Amino acid sequence: MKKALVIENEPLTERIGLLSLKVDQHLCMAFNPGQFLKIGLSDGRFDPLFPRPFTVHSLQKNTLRILYQVVGKGTRALRIIKAGSYVEVLAPLGQPYPKDIEFPLALVGGGVGVAGFGFLLERLSSQRRKETALYYGASKRSDLVRLDYFKSFEVPLRLATEDGSLGFKGYITDLLEKDLKERCFRTIIACGPLPMLKRLKESLKGSGIKLYLSLENFMACGTGFCMGCVLPKRSGGYVHLCKDGPTLLAEEIEL
Amino acid sequence: MKKALVIENEPLTERIGLLSLKVDQHLCMAFNPGQFLKIGLSDGRFDPLFPRPFTVHSLQKNTLRILYQVVGKGTRALRIIKAGSYVEVLAPLGQPYPKDIEFPLALVGGGVGVAGFGFLLERLSSQRRKETALYYGASKRSDLVRLDYFKSFEVPLRLATEDGSLGFKGYITDLLEKDLKERCFRTIIACGPLPMLKRLKESLKGSGIKLYLSLENFMACGTGFCMGCVLPKRSGGYVHLCKDGPTLLAEEIEL
Amino acid sequence: MTWKVGNLELKTPIIIASGTWGLGDTLLQYLTPQELTYAVGALVTKGLSLEPMSGNPPPRLMETPCGLINSIGLENPGIKTFLEDYYPRLRELKIPLIFNLHGNSEEEFIRLAEILREVGEEAIELNISCPNVKKGGISFSQSPEVVFELIRGVRKVFEGFIAVKLSPVGPVMETALACESAGADALTIANTYPALGIISYEPLRIIRGGLSGPAIKPLTLRLITEVSSRIKLPIIASGGVMSGKDVFDYLLMGASAVQIGTANLIDPWSPIKIYEEIKELLRSYGRLLDKGNT
Amino acid sequence: MTWKVGNLELKTPIIIASGTWGLGDTLLQYLTPQELTYAVGALVTKGLSLEPMSGNPPPRLMETPCGLINSIGLENPGIKTFLEDYYPRLRELKIPLIFNLHGNSEEEFIRLAEILREVGEEAIELNISCPNVKKGGISFSQSPEVVFELIRGVRKVFEGFIAVKLSPVGPVMETALACESAGADALTIANTYPALGIISYEPLRIIRGGLSGPAIKPLTLRLITEVSSRIKLPIIASGGVMSGKDVFDYLLMGASAVQIGTANLIDPWSPIKIYEEIKELLRSYGRLLDKGNT
């Protein structure tokens, strides 16, 4: 792991934060959208024992941003880190989003699952962006974060909230399904809670749309060393999420 | 343990900090100089596992202060706590400084061992202060902290640094021994590194001065529950430092 | 709701473990009698011997990652002084007391049990697993036959509740079976794990003792899962309980009640906090317990 | 300075433990060959079997306080594929390789050793202690007689360095003695500790596996102290090494070299960092090692 300076750690909601790290040129060049890094607290305490994995949300001018949600002790500790202190990072990890994306493309994010699409949009040509739509859902208005940032890419931004406080009222998958009656996508990349991904996989079955899912799992190493982060493959055997993923073709895995 | 609000956490030197906690009236009444409290980090992480013991350095108007030195992971974590957050405290613990102090009194502090004498001086009547001297030593000038505060009690302040950058050049015990040739104390209370305390005990043997030592040890509970913090008694058996101490008559214990 | 550990009935499944609340004299400085009776099903005394024991020389403690090594060496004033000086106040709490007993020999254990029978006490926990004493203690746990004889002997003079506190190392399953066939009422699983820590090199300070705390919980949870799947005796879990989830995990894997040890040292209020948490978990997932273990 | 583990000579006392650097293919993404040869005395391969093994279904991992439960189930492509696809690049590093072997039977272990002899490899570590497979693995460790026969059998076909990796539970001392009399060259103490964790209640997700990491170090340090005081075979320590101090503790209590496992998962640079730290400690306290154990 290498030390990385915390430039800013901005609370966006009670549970979501935006962490900005300074990274060197070398790392900037090495990263591709869809990849992740692990972040350790660098305080010599062994609980939590393992650095936690986070998707790159944005990478511009040596500033790497992650969008994180507080769920347990690791992310709770992340939340109180001050600008000016250091964390430890290991990066880049995992595979980038697939190279063979066919457009039009829909990006579907549930909650902080939307994080990685920022970096992807940053790297898409303006031509490609025109053929891309971003679907972003959360439980309520205030949980839809970074909207100005996402708007800056000038892609159609389709929002949904469970309580209807902003955008479509319902799940983001409902909105997508509704839109699909009128609009055509050739590829969909989705990231979010497992029930959302299961639902998508189910509803797109037989649609001819290529569905990729960015998946999560507890990871010990993130480097392929431990062989622990497996998911069963449909064809038998296992994928190692940290090495082969985190983004995989929905039809190839058992959820 | 009870939650306590961090009012301020001021770095005094690279390794020493002054932590101010808000405490309720009940606790203020319950505390006496010489007692200590334990402070837990309240972040749900089990490493370090045990709250750490600290002497009360000052207790005025519901503000309890401790003077702490960073030595390991617990105090390192204490150092980065921000005003506005909470720690957990259990207090008061241990026995107050002895009731039967005979004056003139010398207080001898090595490094942050000086901490507890602040609270003692706060509670001494101005009459008693006139019969009290404070000896305070450290390795260098910048490590002699809180001098303005200590000066405010208007007791003779005898300073020593190992490198001579402020006050007497040498150990604080050397300065005391020198002074003892001209001045008379009937009680001495000392707190500091073990070698300093051993030296004092040795040099005051047969002097007729009552010597009390405030001692340290790793403590698990601080409440007498575990029976772990023992020191051998000269008369056989053990004292339990957290319950019977931390301040004990030098002649009663084996160092 | 009552919690049954064999013929012992408890108001809550939370028991305060031996050696982690001193002799009881300072407990009420930190907890009110109301708090205690509200949250605590039973109290297990510090290990008591026939004669006073002064315990081991320092160092007696070392913190390890998420754990504690202790080498107290069963410091205690002896059962007689305990009954005279500490017991009367504890009895007033009206919380079931379980007497943790340490003998160097079968005879000593029997004598201790007789003394308790005479004062009318009805529950004991035989500590055959202390890693920190030269005689008695853990050496018993290494021989199921000796344990069998010991329990038989104690049973002859003591009709009340007999729990046997096992060591987590050595022939655990065989010892558990020996306890069952000798007529014990329950097993306490487990005492601390033999451990060693080096505090400093100069001077060289080494501690040999027993490891407790959250570090060991995954090990004791496995042990209890295995023992409970083969042995019918009720099991009292002891090892690394810090939260209601830890209690629920143990209940789910076959324990009838759970002891809280190291957590008391961290915070005397732990039993109350943990009791609140387990009540909540029982409300949400209590039905999982009826199904038995998995 | 060279470090001797029996007839095996290492440039440093730091060994990378089995199963904590994958099959080796991704190692060089994180460490340069220079860094590796500078800090690492030997590399122990992932547990290899005759036939490919796909490993256990998820969940395979759970973090515990200062520890990790893993239930990988010896996922590996089989020794032949390993020798074809992974071995050539590893051999180029010119760091001694120790082959960690897993057999379901004595015959399988012998066959594995023969295969390695044929490719000219000279060091193996017999994994008789994996808690995560149904056949073979830890069941061997429970019977010293079986271990004795196993080592005898392997010795007949393999003249090189044979280390036996023991389980920390069961009859450890007896098994160690059996290894010694059967002609093993070294003991690796120890594999992971059988453990159990409950990830969630709804759905109920339970992991049975082996505990590793800093939580267990005080236990393995005690075990090694005891075994090294009774058995002459060189000991390779494995358990919770996170820092140079951990390495020095093990060397002080009788180990000849030390493996780094879980720490690699946290940070691939751990071996380098730990090597820097142990060099420093050896400078300050190295002379304590000559005196032997205490």
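Here the chain labels run A, B, C and D in written order, and each chain numbers its own residues starting at 1.
Going forward, a residue touches a chain if its C-beta (ideal position, glycine included) is under 8 Å from a C-beta of that chain, and two chains touch if they have at least 3 such contacts.
Remember, it's a predicted structure, so these values are computed and weren't measured experimentally.
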item: Label of the chain whose CA centroid is most distant from the centroid of chain A; value: B
item: Chain pair, B-D or B-C, that carries the greater number of C-beta contacts; value: B-C
item: Inter-centroid spacing, chain D versus chain B (mean Cα positions, whole Å); value: 47
item: Rounded Å distance between chain A and chain D, as computed from the means of their C-alpha atoms; value: 36
item: Separation of mean Cα positions, chain B and chain A [Å, integer]; value: 51
item: Chain C residues counted as touching two or more neighbouring chains; value: 65-67, 213-214, 242
item: Multi-chain contact residues (two or more partners), chain A; value: 46-48
item: Chain contact topology (line, ring, star, complete or other); value: complete
item: Touching residues on chain D, where the partner in the complex is chain C; value: 64-67, 69, 169, 193-198, 201-202, 204, 206, 208, 211, 213-219, 221-222, 225, 240, 242, 248-249, 252-253, 284-285, 288, 294
item: Of chain B, residues touching chain A in the complex; value: 43-48, 73, 76-77, 80, 82, 85
item: Complex contacts: residues of chain A adjacent to chain C; value: 46-47
item: Contacting residues of chain A [partner chain D, same complex]; value: 1, 40, 46-51, 88, 90, 217-221, 223-232, 236-238, 243
item: Partner chain A, residues of chain D touching it in the complex; value: 19-22, 25-27, 29-30, 46, 54-55, 57-63, 65-68, 70, 72, 75, 213-214, 242, 262, 264-269
